[in-house]
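Submitted below is the structure of interest, expressed as structure tokens.
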Amino acid sequence: MGEIRLDFERTERVGFDEAILCAGKSDTQLRTIVDLVLERDERCLLTRLDEAAYENLPPQQRSLLDYDPVSRTAYLNWTPPAERVSADVAVVSAGSSDMPAAAEALRTLAYLGVGARQFIDVGVAGLWRLLEHVETLRSFPVIIAVAGMDGALPSVLGGLVPGVLICLPTSTGYGASRGGETALHAALASCAPGLTVVNIDNGYGAACAAFRTLRAIGRGR
Amino acid sequence: MGEIRLDFERTERVGFDEAILCAGKSDTQLRTIVDLVLERDERCLLTRLDEAAYENLPPQQRSLLDYDPVSRTAYLNWTPPAERVSADVAVVSAGSSDMPAAAEALRTLAYLGVGARQFIDVGVAGLWRLLEHVETLRSFPVIIAVAGMDGALPSVLGGLVPGVLICLPTSTGYGASRGGETALHAALASCAPGLTVVNIDNGYGAACAAFRTLRAIGRGR
Amino acid sequence: MGEIRLDFERTERVGFDEAILCAGKSDTQLRTIVDLVLERDERCLLTRLDEAAYENLPPQQRSLLDYDPVSRTAYLNWTPPAERVSADVAVVSAGSSDMPAAAEALRTLAYLGVGARQFIDVGVAGLWRLLEHVETLRSFPVIIAVAGMDGALPSVLGGLVPGVLICLPTSTGYGASRGGETALHAALASCAPGLTVVNIDNGYGAACAAFRTLRAIGRGR
Amino acid sequence: MGEIRLDFERTERVGFDEAILCAGKSDTQLRTIVDLVLERDERCLLTRLDEAAYENLPPQQRSLLDYDPVSRTAYLNWTPPAERVSADVAVVSAGSSDMPAAAEALRTLAYLGVGARQFIDVGVAGLWRLLEHVETLRSFPVIIAVAGMDGALPSVLGGLVPGVLICLPTSTGYGASRGGETALHAALASCAPGLTVVNIDNGYGAACAAFRTLRAIGRGR
Amino acid sequence: MGEIRLDFERTERVGFDEAILCAGKSDTQLRTIVDLVLERDERCLLTRLDEAAYENLPPQQRSLLDYDPVSRTAYLNWTPPAERVSADVAVVSAGSSDMPAAAEALRTLAYLGVGARQFIDVGVAGLWRLLEHVETLRSFPVIIAVAGMDGALPSVLGGLVPGVLICLPTSTGYGASRGGETALHAALASCAPGLTVVNIDNGYGAACAAFRTLRAIGRGR
Amino acid sequence: MGEIRLDFERTERVGFDEAILCAGKSDTQLRTIVDLVLERDERCLLTRLDEAAYENLPPQQRSLLDYDPVSRTAYLNWTPPAERVSADVAVVSAGSSDMPAAAEALRTLAYLGVGARQFIDVGVAGLWRLLEHVETLRSFPVIIAVAGMDGALPSVLGGLVPGVLICLPTSTGYGASRGGETALHAALASCAPGLTVVNIDNGYGAACAAFRTLRAIGRGR
Amino acid sequence: MGEIRLDFERTERVGFDEAILCAGKSDTQLRTIVDLVLERDERCLLTRLDEAAYENLPPQQRSLLDYDPVSRTAYLNWTPPAERVSADVAVVSAGSSDMPAAAEALRTLAYLGVGARQFIDVGVAGLWRLLEHVETLRSFPVIIAVAGMDGALPSVLGGLVPGVLICLPTSTGYGASRGGETALHAALASCAPGLTVVNIDNGYGAACAAFRTLRAIGRGR
Amino acid sequence: MGEIRLDFERTERVGFDEAILCAGKSDTQLRTIVDLVLERDERCLLTRLDEAAYENLPPQQRSLLDYDPVSRTAYLNWTPPAERVSADVAVVSAGSSDMPAAAEALRTLAYLGVGARQFIDVGVAGLWRLLEHVETLRSFPVIIAVAGMDGALPSVLGGLVPGVLICLPTSTGYGASRGGETALHAALASCAPGLTVVNIDNGYGAACAAFRTLRAIGRGR
């Protein structure tokens, strides 16, 4: 009962390999998964790996992981290339509480070989900080807009930039923020046309969506 | 069973008289209420009086009502003064579908003797239309921000103007707009500090809140 | 009270002009908007224009509209070009009840000059109808997946195709379908990576998102 | 205050004995229940017995329990028969995070004397892993489909297999997964006909429903 | 745009043919579907065909339909066999407001060739009416329990009968009934073990689930 | 399919006869029910009988009904006694929009032979109108507090009166009133101790609860 | 900031003194409240006092409290009378997980001087355990029905007993139990007439409602 | 990844400086923010700084903070002026569990230089405690009404006082209190006109709204 089968053929089908969502998996399951990947000499991205779960992995497994506690991601059997790729994706976040989701997106983009540039603390309550960057942002083919609470950032951006705009709502806030639902629904109901949305706190998914777009342009791996 | 008692003493207590919320009242109840007001020679504001209900009132009652179908309001025994009062309240709305709620606020303000100026179609998806007016809006002591769908307008305004900012969410939109709940929750969860919020589509309440503020300043009736 | 201001400058900013969401607008407002567009000799797309509202427009306005009752869209001052553009977008729908949303997407794509091909009745309950088309679908840079009820189609597609996948949940179904919320949440929670989602029944938004992507690739107008 | 009465007559009425749902019961209550069962020399299945509660039982009680931490179940006074029964139920799960619910179903089936075979990691995002097994699955009279997040697995299976299909939604996932509600609603709203559904994470209930079916067929105890 | 493809191969795969959910389909779509079925000389079940939609079909199509307004179902190209089959399914309903859902289940069972017996007005508020039938009900291999409002019927039945118990919640009631959600959730949360549940008002789905069970027993077609 | 069984024995069990909830029943069902009652020469209370359904009954049935359109109730085979009973129940309502629910309670009380007195328009926004009546209200053994919107009336009353206090929330209001849910939840969450609550708009249930109380006291029939 | 004022006059107004809801209060606030009560030589009931908070009170305060950990209640300055009062209230609970709420009701009744008898483990899934007690239960003027999960117990009781029936839903269960909401809504939507309902897990409120009823009968203090 | 940008220009735009919402920020982020403020020799208000996070700051930073554990606020580089300002704001709270939100409002008002007076334990269940203060409360230009559970306080106050009334719902309570949503919705749905509402537990926002009002009157800084 409980052995694991990984989908190593995914890369062929959709062009990028499976990530391991660690939340909800037991320590034993995580250990088995890491072993399976190492046995086949594959590389792998682990997401939602919180520090306690990371610490519970055996030391020899930990030594092979490039772990980042803010984004709760780890690279297995993989190192980002030394040369800097050109930045095709802008990751724009409204507040510093949105950092974990933004960081998950950035770490995933790096893993997928996509160059990205981060713009922080440009929420709409301090509109001028955002407007300063509008011209720069208009030049990016893909923007990931990270915002919790009222989720107003994507709507404002959507009326200002012509590129692909992927909204990443976060669970920042309390009360009427409803664990990210208000930001999610605000992005979906936006009056700015052509925005798309991913799940709350799903930085990994936003990065994959950006990767799908860039590959269609011919800029992906 | 079913006679009516009106609260004619409210003006003394809170400084403005009771409005009649017509939605949910039968034709018979509405007719009785109008008669009661006329008998005592009082004036009265009727809200949420849709056209069918208005048409079902007896002609002699209709002839005494100043009815506006957009805002679904009627004045009974009352005419706005001829001289124009200075505009203390700005009513800013995001889209033309927000007009009924904005109009209810404007008609209520007029009834309460408060001067107001309307700014329309200044939603955040067309940010420059809003920014054109920022300097003007900064001079108003009270702003009512009317917005449905994603409800991003109040958050943007809240970071730009120093005055009292009352958010009036509307039921505009579909799907993730959830009948105005998304705009309501976005206004409540706004990262711009010091906004306050009234019920969905409650233009009457927003106007009363503005009136309470202005009277505290000494500009009310 | 109630004049209209349109955002004719949007095309310059985000590369496509404003559509008019007719739901929630009064007959008078719609008439004024059409007049404003004609006065400036602009073109325009009207969405959510149901048949009753269309019939209430004056005959000379109706004669200038190319109206489609299934998608509830109308073109004003615009005719699709005679030559056929190559199909860059696949619009895949699960059932015939999803037709109105799919048709809104297709009509918007045509308006934006984007070629599209429709795949119908390929829901996952009849999986082989979908699998027949997988190889063809893999060649499209952008796919719009239209699905209501359980919304399983996007998840299945997401594991099969490498391109950009925009999920368009619909309000098809009853009970646990919750007016489209189940399909919406299923698409957001999909375990297939890199899907993005638009609002329930928002065919217009899905088409605009496809347009943003294609322009980034250099295939848009 | 607080003594316990067990329903030892249930077996006669519905053909299988009462299980003890341990969640929400105090350590004292659990101890009393185990004693009551032992006194009457009955057997018993305990569910939702987490490790902390198990550890708080007195050692002599623990020594009589066959406890499994993944499924959080324990057998009291009972050992599975040595000979292997033929597998009448297929337990198909989408991801390794669904293991606890799947394991609760499997342990309950074993307790009820029903043979089962497990199929793991066959979620629809890797459709071919599922399709490999379709012919095998078509031969099972009863299938339990375990899936969280988007819950697309039951809909796909429902169109492929003719047998009884019991959907077991799980609380796997985050954000729009809504603690299992999305998988639950997706299974209920499925366009594949004739699926039935049990409560979120209710592996015990799914197994009992399978048992009721098999007994009707004449394959149960 | 908008042609229709039916899934005539479903019978081979899952053993019964596709029903047409008429709700949400336009008059034109319904007419086309009926024509497609007739062209191929297939038979077909139509569900959720309300009287207005039925009346809008062309007379020659109506003449070929066996329509029942209570269940809103129609048989196309099909007549129930003259000989009475033995009743394998009990359809038990709590109140007369649950009749449309119960009738949809009964008409679907008849279409699928399954014999059924109806027990009406046996809600738990009049417990003795239910208890009178317990012995009879215990002899049925499959019971469909139809209940709205508080949905207590399935829980009571679940503790009394050993057979397969399929709960069919209905949208009967108001306020806290929440359009059937309370009955749905009560059935899912039932403390009686081994119940399964279908979507609110989904009489068709309950009948299909019964059919899957009976075929596994070898009593189906 | 579709005959009706009424629970004529209920009076013996719980002391009052079954009422017929007409909402959700077809015209044919209503006609049959009235006939069944008349055949057995019983009396009966019909609730939620809207005017259209009443008008669709055959004239000879209508002539036997004492119908009240405000409460949407009808007495069949029953006339209130001529002599006035002492008033044991106070029905206190906050606004005139709450009249239908209050009237359903009053008509049911009359049917059950219970004397009642109505207090209207005593919502908390005009607190003095309520306080005027406090001494009188304190003398009633049972009070039914009818309130929609914010549902503040029961909390205020609960701290002022010692008697049994049954809260009857109504669906009055819009937006954040959520169809009566806010009033319902406010009554349940009240900080005034010992209130009990019935379903939204359930005037019939509130009256039955009052009747149960009075009979326990020895003042009922 | 933060001193406390207690409502010692409540007894005069509504006939019983204020209880202290300890949840949400800081250790400092609890200590102050106990001191205030002792200073005035009053008695007091504390509810929702979990063991950690109880342990954090100073020893000399603890020595004056009669604390019960199951119900999380404490009596301050009060001892139940030695002589046994006749039992006027039946507290009927469905499962042993419902014990904390049932115990809170029983402890509150004792504090209020009301005699009560407890009936446990009589959920509807084992209907005969309930039916055994029906005749006894019919003799109680007031019944408190405690039930979580599907909340079917009150509906069944409501059709069997003539007395006052107060439903106390509990947060027992998981998934579709929704923290007690399903049991709450099921009780409110019950088809058994004249039930009333209190907040989820509000044993204190149910006891106070019973007390109000008994005092109206003349059996209270 | 993860540097911080603060909005030091906000004071110029909206007249008061940015507060730091500490919830959701990591220890590292908080430390960096405090350093940034100190480097620029600015002052700052920190909110939602719970005791654990406060203790994790370095000692030299803690020594510069004026921290209050009840309100979870800290002043950085700032001391309230010695002279007492006149009290322009009344902070009225219903129960002692509402203290944290009330205290956050009071501490923010003090930081903004606004005088305030607190009225405690004046919930509507003990109405006379509130009525005692009505005359005093009528003299305040701004009242903040703090209430959880049923949230009835604002409605009662709204009908009694003429000033600006800002409702601050709190997450006090359980079950039907729904974490503050019931108090929030009750305030929004209030039948007392002209109330405005802020987010659940948002004492900071209520104080900022009061500040905006007082500055409009000319009494602010």
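Residue numbering begins at 1 within each chain, and the chains themselves are lettered A, B, C, D, E, F, G and H in the order written.
Operating definition for what follows: contacts are C-beta pairs under 8 Å (C-beta built on N, C-alpha and C of every residue); 3 or more make two chains touch, one makes a residue touch a chain.
The structure presented is a predicted model; accordingly, all values stated were derived computationally and were not measured.
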Those chains which touch chain G and also touch chain E:
D, F
Any chain that touches chain F and chain C:
B, E
When the contact pairs of E-G are compared by residue number, which of A-B, A-C or B-C has over half in common?
A-B
Whole-Å distance, C-alpha centre of chain B to that of chain D, is 56
Chain centres from averaged Cα atoms put chain C and chain D apart, in whole Å, by 43
Provide the C-alpha centroid distance between chain E and chain F, rounded to the nearest whole angstrom.
35
The positions of chain H in contact with two or more other chains are 10, 18, 125-126, 158-160, 173, 175-177, 184, 188-189, 192-193, 199-200, 202
Touching pairs of chains in this structure are A-B, A-C, A-D, A-H, B-C, B-F, B-H, C-D, C-E, D-E, D-G, E-F, E-G, F-G, F-H, G-H
Contacts from chain D onto chain E in the complex sit at residues 10, 13-16, 18-19, 141-142, 158-166, 184, 188-189, 192-200, 202, 204-205, 208-209, 211-213, 215-218
Interface residues, chain B side, partner chain F - complex:
1-7, 9-10, 18, 21, 23-26, 29, 33, 48, 171, 179-180, 184, 199-202
State the interface residues of chain B toward chain C in the complex, per the touch definition above.
70, 96-97, 99, 103, 106, 118, 120-121, 125-126, 128-129, 172-177
Looking at the complex, which residues from chain C come into contact with chain D?
94-95, 123-127, 149-152, 155-156, 158-160, 173, 175-178, 181-193
